[in-house]
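Mind having a look at this structure? Questions to follow.
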Amino acid sequence: MYLARVTGSVVSTQKSPSLTGKKLLLVRRVNDDGAFDGARSLPDEVAVDSVGAGEGELVLVTCGSSARRVFPEPNDAIDQAIVAIVDNVSR
Amino acid sequence: MYLARVTGSVVSTQKSPSLTGKKLLLVRRVNDDGAFDGARSLPDEVAVDSVGAGEGELVLVTCGSSARRVFPEPNDAIDQAIVAIVDNVSR
Amino acid sequence: MYLARVTGSVVSTQKSPSLTGKKLLLVRRVNDDGAFDGARSLPDEVAVDSVGAGEGELVLVTCGSSARRVFPEPNDAIDQAIVAIVDNVSR
Amino acid sequence: MYLARVTGSVVSTQKSPSLTGKKLLLVRRVNDDGAFDGARSLPDEVAVDSVGAGEGELVLVTCGSSARRVFPEPNDAIDQAIVAIVDNVSR
Amino acid sequence: MYLARVTGSVVSTQKSPSLTGKKLLLVRRVNDDGAFDGARSLPDEVAVDSVGAGEGELVLVTCGSSARRVFPEPNDAIDQAIVAIVDNVSR
């Protein structure tokens, strides 16, 4: 999983049926201090929300087949999912 | 998933049977503003279209086993799929 | 698998049920000398602990579906797991 | 999938039984113009040929579990496969 | 798969049961000439040996679920495996 900030959302009408009714959020990797410094060269990703996350929140994103399994079927098109809203990062 | 712009297509006669009759599109990662700036050092990818996408459109691409599952069998060779045409990115 | 140093932990109340009761640790890739020099441009990752690892320890992290399988179900959201505490790296 | 040029081959006697009798080809990522410019910082990969590709040809390479599934069992060790010879890239 | 040089080994007492009795080797990506030049910015990886590889040898490493499948169960924690010792790279 990686730490990310929700920075926006994506709207799509023509999409895989497995994405219908799901929230597609733009996420940007951040470091453990919640800033973008170490991750600024990485483009944003789009993750499907599973925990009620909103814009500006610090979240955990999981990738690959694990992201798909977080959702009931049909879930085929999903390869990134927001699986936690972060309360606190302790270092 | 990642945001990408469709930049072209690939023609192949000698290919895996699971790619027969499928549209192979060149896609280039973009940032949330639809531009290439943050992603310019990444080479293009080739994704199989599942939503009727065309050149120049902004799309969502999914990777790995999730991409394969978007298509009925035979789908073995597929590891990247276009799963949505993006109407709008809100930031 | 990759070598990493545990640098902190993440607390989350609102999360995937499959993460309940699990320790979410911040990990940072290191080279074979345990230093960060070659890996400094990579952002931290968050891995689920399976071996009782603590802050400051040198560990091995596994990724993808293998990380998920290290835990009994429900384990859906897991895509990175700490699977070993390193005693020694011999070069 | 990604576009690559076949640049050589790898010979190995001591290998996983699932690689016996298979052609192991060196592949180097290229951009849509068939050149190496945008991809020059990436090291070569080794992919198993499934379509009769030869040195110098422009090919499509698929990754992960999809690459494995392109071959009948035993196919366990395969994580990258050449799945198409490219006739033409249209941009 | 990728070409790598075995550069050392990792010793761990406290680890996933699926790693017991297995050889954990440090591997460093190399280019097709066996040198590190193009790959020097990548940190080392740790792969489980399946072919009797030793320090200094040029090997092929496979990733993901394919790496896991190279070993009989229990193999859960494995996401990278050495699957071939390279005799020769022809370019």
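The chains carry the letters A, B, C, D and E, assigned in the order they are written, with residues numbered from 1 in each.
Everything that follows uses one rule, which is that a contact is a pair of C-beta atoms (placed from the backbone, for glycine too) under 8 Å apart; a residue touches a chain by one contact, two chains touch by 3 or more.
Since the model is a prediction, treat every value here as computed from it, not as a measurement.
Shared contact partners of chain A and chain C are absent. Shared contact partners of chain A and chain D, listed by label, are B. One rotation lays the C-alpha atoms of chain C on chain E, and its angle is 70 degrees to the nearest 5.
Remark: chain C and chain D have CA centroids separated by 31 Å (rounded to whole angstrom).
Rounded to whole angstrom, the centroid-to-centroid distance between chain A and chain B, based on C-alpha atoms, equals 19 Å. Multi-chain contact residues of chain B, defined as those touching 2 or more other chains: 41-42, 64-65, 67.
From chain D, with chain E next, the chains follow one another around the ring as D, E, C, A, B.
Residues of chain E that touch chain D in their complex: 1-3, 29-32, 38-39, 41-42, 50-52, 60, 62-67, 69-70, 81, 83-91.
Those residues of chain C lying in contact with chain A across their complex are 7-16, 18-19, 24, 26, 40-47, 64-65, 67-68, 76-80.
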